[in-house]
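Here chain A shows up in two complexes: once beside chain B, once beside chain C.
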Partner chain A sequence: MVQPRIDMRQLVALLFLSRVFSVLTLSPKQENTVENGAALLGIALSGIVCLILVLLYQKLLSLYPGDNILDCCYRMHPLFGKFCALGFYLLCVSITISTVGEFQYFLSSAIYPYVSRLLLIPLFLLAVLYSAYMGLEAFSRLSLALGVVVLLSTLLVIVSLSKDLSFVFLLPPLRHGWKPVLQVAFQGVSLNLELVPFLLLVPMVRGKVYRGGIWFVALSVGYYLIMIFYSSLTMGDYALSQVFPIYTMMASAQVVLIQRLDSLHMALWVFIAFIKCSLYLYLSAYCASRLFQGKHRGKLLGASVVAVLAGSLWVSGDLAALMWLHEAFVDGIPFLLAGVGIPVVLLLFLSHKKKKEAPGL
Partner chain B sequence: MFRWLKNVLRRDIRSSYQAPAADPRLSERLSGVLLDDLVRLRELCSNTSDLLVRQITISGIPVAFVMCEGMFNLQTLTEIVIEPLTALQLKEPTPQKLMEWMDQKTLLAGDQKEFLTFGELFAFIMSGFVVLLVDGMSKGTALGIQGFSFRSISEPSSETNVRGSREGFVEALRINMTMIRRRLKTPHLKLELLQVGVKSRTDLCLVYRTDLVSDQLLEQVRYRISQIPLDNVMESGYLQPFFDSRPFSIFTGVGTTERPDTMCAKVSEGRIGILVDGTPFALILPFLFHENFQSMDDYANRPYYATFIRWLKYFSFFMTILLPGLYVAIATFHPELFPDALLFNVATSEEGTPFPLVFEALLIHLIYEIMREAGLRLPRPVGHAVSIVGALVIGDAAVTAGLIGTPMVMVVALTAISSFVVPSLYEPVTVLRFVFILLGGWFGLFGLTLGLAIAGVNLCAINPMGIPATTPASPLSLYSMRDTLFRWSWRQLGEENLVVTDLPGSEIDPREEDNHGSTTN
Partner chain C sequence: MRRWIILLLLALVLPLSGCGFSGIELKDRLIVQAIGVDYQDGNYHVSLQVFDPDDGGGGAQGAFDASKPNNQVYEATGKTMADTFRQISLQTGKTVFLGNNQLIVLGEDAVQKELNGVISFFSGSHETRPKTIILACDGKAKDIVGLQLEQGIVPSDAMERMVGLAQEAGLTPYSTLMEVARAANSLGETPLLAYVGSEEKENGEGQLQILGGAAPIKDGDTLYFSQLEIRGAEWILGEVEQTTMVLEEGDNRYTAVVQPVYHQLRPKLEGGQLIFTLRLDVVCSIPEAIYTQQTEMEFSHIPLLTQLIEKEIEQEADMAFRHAQQDGPTDVFRFSKYLDRYLPEYWKSQQDSWPQEMSNLQMEWDIRVDIKSLGLTAKNRIESK
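Now for the complex of A and B:
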């Protein structure tokens, strides 16, 4: 099996775009209950925690250079490796289902209210399947170009909305104490599921991969802060009542010829969802193939897309199921297990093993 | 899954397919008995009318000249070969002495080769050589005195430039080789002759610089050429799919050029050029996507203007693939994006047309493509007439008849003009335009964006000869971008040569650093 190789910048773009989808998507729990000042401080704190986690991953994966987290799991025990591969597979598939579900919910409620989900979802997944089939290099190269487009369009929105900023809406972060701040910080970390793909992609990256991890955290947190800042300061309390506050904010932006920027937002949303789903679908096939000694990647990709199609058709037809899936990620258990628990256990076990293996002991 | 589908589709073809194979009779050796060899020769070529055999005696030894009619220079043959040979008086003549005299004591032709088999004999006479067979010798001598007629060197039709050379490749391979050699007077430039096509045995020439080209790249190209299973190769386009990493992609990783100066510039970046006999279109390997937006004029113009033109080309590319689809998508699904005055005009003009916008767009672009194709194939004076009729049909009659709205005329005109700004991308651009019209008309901006993403992945998946087609933009190298989005001055470009195998993402091993690392122009 030939290992695909991507650039550090491509990794950053890939993870950043994937994270941006979560920023642009609905998160009613957070937006409805926490004031903007607390949200901004909480997000900044979540960034610091994520940076610490990246350093933890560096410590773990530098024990055996060239290994990713699944290789480390297999080093600990083959059965534990298989169990983790299955767990990561389920996580990747459920993130893809959640992404497609949220994407379809946005399209059918804000853009195309009369178009059937039975048309939108298969069409979208067909495109994603093609992308994942073309391989990690292909969609990661595209993500670098898209990352630049996202940053430039964000700049455009910022410039066009700057005149509408009203600092009256900016509330002190600690008005209700530390609890809401910590709540947002926890959510910010638990929704930063892109650290899991980071753990899986490390050996496939050329260059300074951990510096890439730091860049990813900095960029995503910066983007998150800017979006929250602008949406709350341009729309005030009105933002809290919106299902898609960023979309509403873009609809109110205007640039010379273009009446509104909501379509730009929609186009970006499609690109970002496409990249995110391609990444997780690709990783789900990768994790599944680890259960079969790295074989049958193509067939497993087909099987994964069928699972995602079934799951996303189900959650898109049942809003309660979609919210349940979303809240499962917000609650943080998947991230605590995959992004914190397993790496910590592995670090402790493998450091001990490495010390025992060291010559002279 | 895709592989399974591919196998199913190919199963029928495979069951009835037989790989072309060379005629085993052609590997027979010459017998040494002149009359027997001549009889066998006529038998092998079915006594073809253009085979000329003239038998004479030199110092009492029977010899035969074998050649193809119209392929050799009769004057040169008479003056430089026949006259010295007929005047020759050998002491105690034997076939061996005659051959020795021809080999060592005279110069009958600049390109003089010996051969042993009938296959070689045919290859030589069909390339314009005159073959000399001597009775009693089981080997022949081929004399390179070609004299076939060919088109004279003229300005390339598909790559016209304002500044720079007016010379373009012609159909004769040797003439093309001289055009390259005249421009790169370095001993590192190597021209390597190969043959391809089991029956046509078409000559092709690999052009590369030994100090810059990667051995791995060169081996890969040679290997792929050796594996081409074609009977006949009439044009360089026949070979193109065998060098493409993804033959089903809408974009290609193989470049073509008609210009010797372009070929020299590419070869000086560690690439390999392939000249094919019988066509003025040479191939360049590997060819990256951004090179479609470069032209020789860029390097002759001032940097700021070259950069402006390059940006214009990128803009035109996106406009030509997206504008019709975008217009259809916005007018059908997202009219709120238009400024009010424009929206009013669009609505007014579309009110009187009977068809949906997507159908209008498809119809008008289809008519345009039909007229373009007709104008291209017809004799030039008739082509002009077709253009005039086309302009009338699209520009006036279709609007007056109420078939299409006026803004659509504007869209098709802009699209048509911008599609010729980057001529090398015309094929993918035409297909993508129709696809985007359909996607925009059926699914609005969602469909258009999804289509663009798929086209992007398709492009990004191409790795021509192991180098990403999208490099140096992705994988990114800011230093190499100095000749991609921008065109820096020659003062900076000349500081260090760009070598294609050094670009980020390359899976090809570059040559040793000291060979090209800091070569200055």
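Now for the complex of A and C:
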């Protein structure tokens, strides 16, 4: 039984920040570009699917209150538990590697073109290691404050760009049928990997954790909708010619004396990357320790950061590898396994088991 | 252990100073305020107006005198844009920094022959702001960038303010890097650039002149629009914020301050004929009336004034449309976007021949004027129409 450590608001902020990390590096050349109307509808649909998944998780984890998904896996069978712990560990490490790779790629493309990855990545990971070592409570507290600042700065962008909206750029969502809409919806769900940390963190959260899950989905989907709506309606086709259109949109926003809101967002984004990496590094050490009956957490944290360092140095030096890793997440297999397949199997199996265990049957 | 980790992290922060890892000091940067680009014989000629507090004013500890020009102009010719910047860096021993640049001025040749190349260079530059103003100029860009206007800390400040005010009044288009690049890369659309020139004042100093707009059309030619034609185009685009119009009726003259409150542009097909309808609602006040016969304005004049304003707006919009249609044809009104949005099947069949197909296009005007005030005197205030 794990003791609750963070509250619901901190969980929401943690997952929200982790999810919105990818907004700034969203690239029309990277994703399959679809028209803005279809993209908006697709993202809204993905939000509905994610909400259904949160309800599914509630159903599963309510069977044995105080358990997270790994506990449920061990309840099903110890070997299955170990297999899943290894799988979740690999997923968390891969997400951290991908995040560090994207972080370095974006910084060296848009901000510091000549920065050495050999300097940037080890320094960044050292800070992340310290944060993960300090524990979930520490970076969750930071994430709550940061989440509020991110929302306020987004409001600033919205206010500053509202006068530039041109609705002629907004195209009807279904003019090419449902295919592009469903494509975006599928991507939206498969890239919402933060539902996996949600499954792991549930017993560590005080208060109405599932309500927190719903808040997380609503906030992150709302944030994506706003960003895509504003970038496509203020920039039109120019957004498609940019490698990082959301960043370009932020660079074009200005409020009174602040002529470049991109500087503010860059600073926030560095913190967001820090929070996301801290979360996944912490969870990777947690999953690895479950392979050893919850022991050696500190050593496993060190081993995880070494793995992330090696992996991120590799992907940051090889753009094709970074793209491959990103595509692997876009394809949806990691999420379909960790976020849908395993919870559904567990729900079916444990519901049946619980019924059998119930007295009088 | 924890204390050592904290000390190590703090020590690692020390090399992360403000100017980044390359450690370029402010004094080693050329802080560019305006860029002029000319294109001749396949080469780029770039002029940079650079903030330099030591020039003319100056003072101890980097202080500057706002009444002095505070700038230097550097020039170089090269085969590519980056080549010219490299040459200026080598001339001065400083790194060119575009993060503060406010204006990009393109000479006639650059607009006609190399607009896309110049735009793509600046769009790809991580330092350049997407909302940097792009101007087309009469003659050479280096003459505009070299103008020593004394109405700001640097001349580019004054230029930016003048262009900004003209843009708000609809007398020159909103041509930012982002908007020009968008239109240039949009199928069937033509970018419309603010168009400026220079004139000599009586004291021999140069002065910036707002001339209207310029649109690069096929065969390396440029279509120029006067200030009034640009305002007409801006009515169609819905981009006038507030403007002042001078109206004449017989010997009487009026000044109307006009502010659009609703804009709608819609295409339709009637018997195969493509028609665009502009619905524009404006509110206005008449702060000034000059009569030859009487001394003050009366409420009974409102229908007449309403009609005058409607007619004037319609005339300006029609003038801009006819100019673009007959002397181009060129789509500076985003018609192609409206067709793609509202008549997608028609657009699909016409997109390859657009804007040539614009020659058959007809416009319908639905201008609605609401006069809210006849100036500030209480007896002339209109509570509601």
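We take it that the second predicted complex is superposed on the first by the 351 of 361 C-alpha atoms of A that agree within 3 Å, B and C clash if a C-alpha of one lies under 4 Å from a C-alpha of the other, contacts with A are read in each partner's own complex, and residues count from 1 in each chain.
Operating definition for what follows: contacts are C-beta pairs under 8 Å (C-beta built on N, C-alpha and C of every residue); 3 or more make two chains touch, one makes a residue touch a chain.
These numbers come from a predicted model, not from an experiment.
With both structures placed on the common chain, the touch criterion links A:Leu123 to chain B and to chain C.
Contact with chain C, but none with chain B, is seen for A:Ser241 once the two complexes are overlaid on the shared chain. Once the two complexes are overlaid on the shared chain, A:Leu86 sits clear of chain B and of chain C alike. With both structures placed on the common chain, the touch criterion links A:Leu171 to chain C but leaves chain B unconnected.
When the shared chain is aligned, chain B comes close enough to touch A:Gly298, but chain C does not.
When the shared chain is aligned, chain B and chain C each come close enough to touch A:Ile111. By the touch criterion defined above, A:Ala145 lies against chain B but remains apart from chain C after alignment on the C-alpha atoms of chain A.
Looking at the superposition, the partner that touches the larger set of chain A residues, chain B or chain C, turns out to be B. Of the two partner chains, chain B is the only one that A:Ala267 touches; chain C does not reach it.
Of the two partner chains, chain B is the only one that A:Gln10 touches; chain C does not reach it.
Of the residues of chain A, those at positions 111-112, 115, 123, 127, 130, 259-260 touch chain B in one of the two structures and chain C in the other. Of all residues in chain B, those touching chain A in their complex are 1-3, 330, 333-334, 336-340, 443-450, 452-454, 456-458, 460-461, 463, 468, 470, 473-476, 504-505, 507.
Residue ranges of chain C in contact with chain A, taken from their complex: 5, 8-9, 12, 20-22, 99, 123, 126, 129-131, 176, 178-179, 181-182, 185-186, 265, 334, 337-338, 340-341, 344. Of all residues in chain A, only 5-7, 9-10, 107, 111-112, 115, 120, 123-124, 127, 130-131, 133-135, 137-139, 141-142, 144-146, 257-260, 263, 266-267, 270-271, 274-275, 278, 298-299, 301-302 touch chain B in the complex they form. By the touch criterion given at the top, residues 109-116, 119, 123, 126-127, 130, 168-172, 175, 235-238, 240-242, 248, 251-252, 254, 259-260 of chain A touch chain C in their complex.
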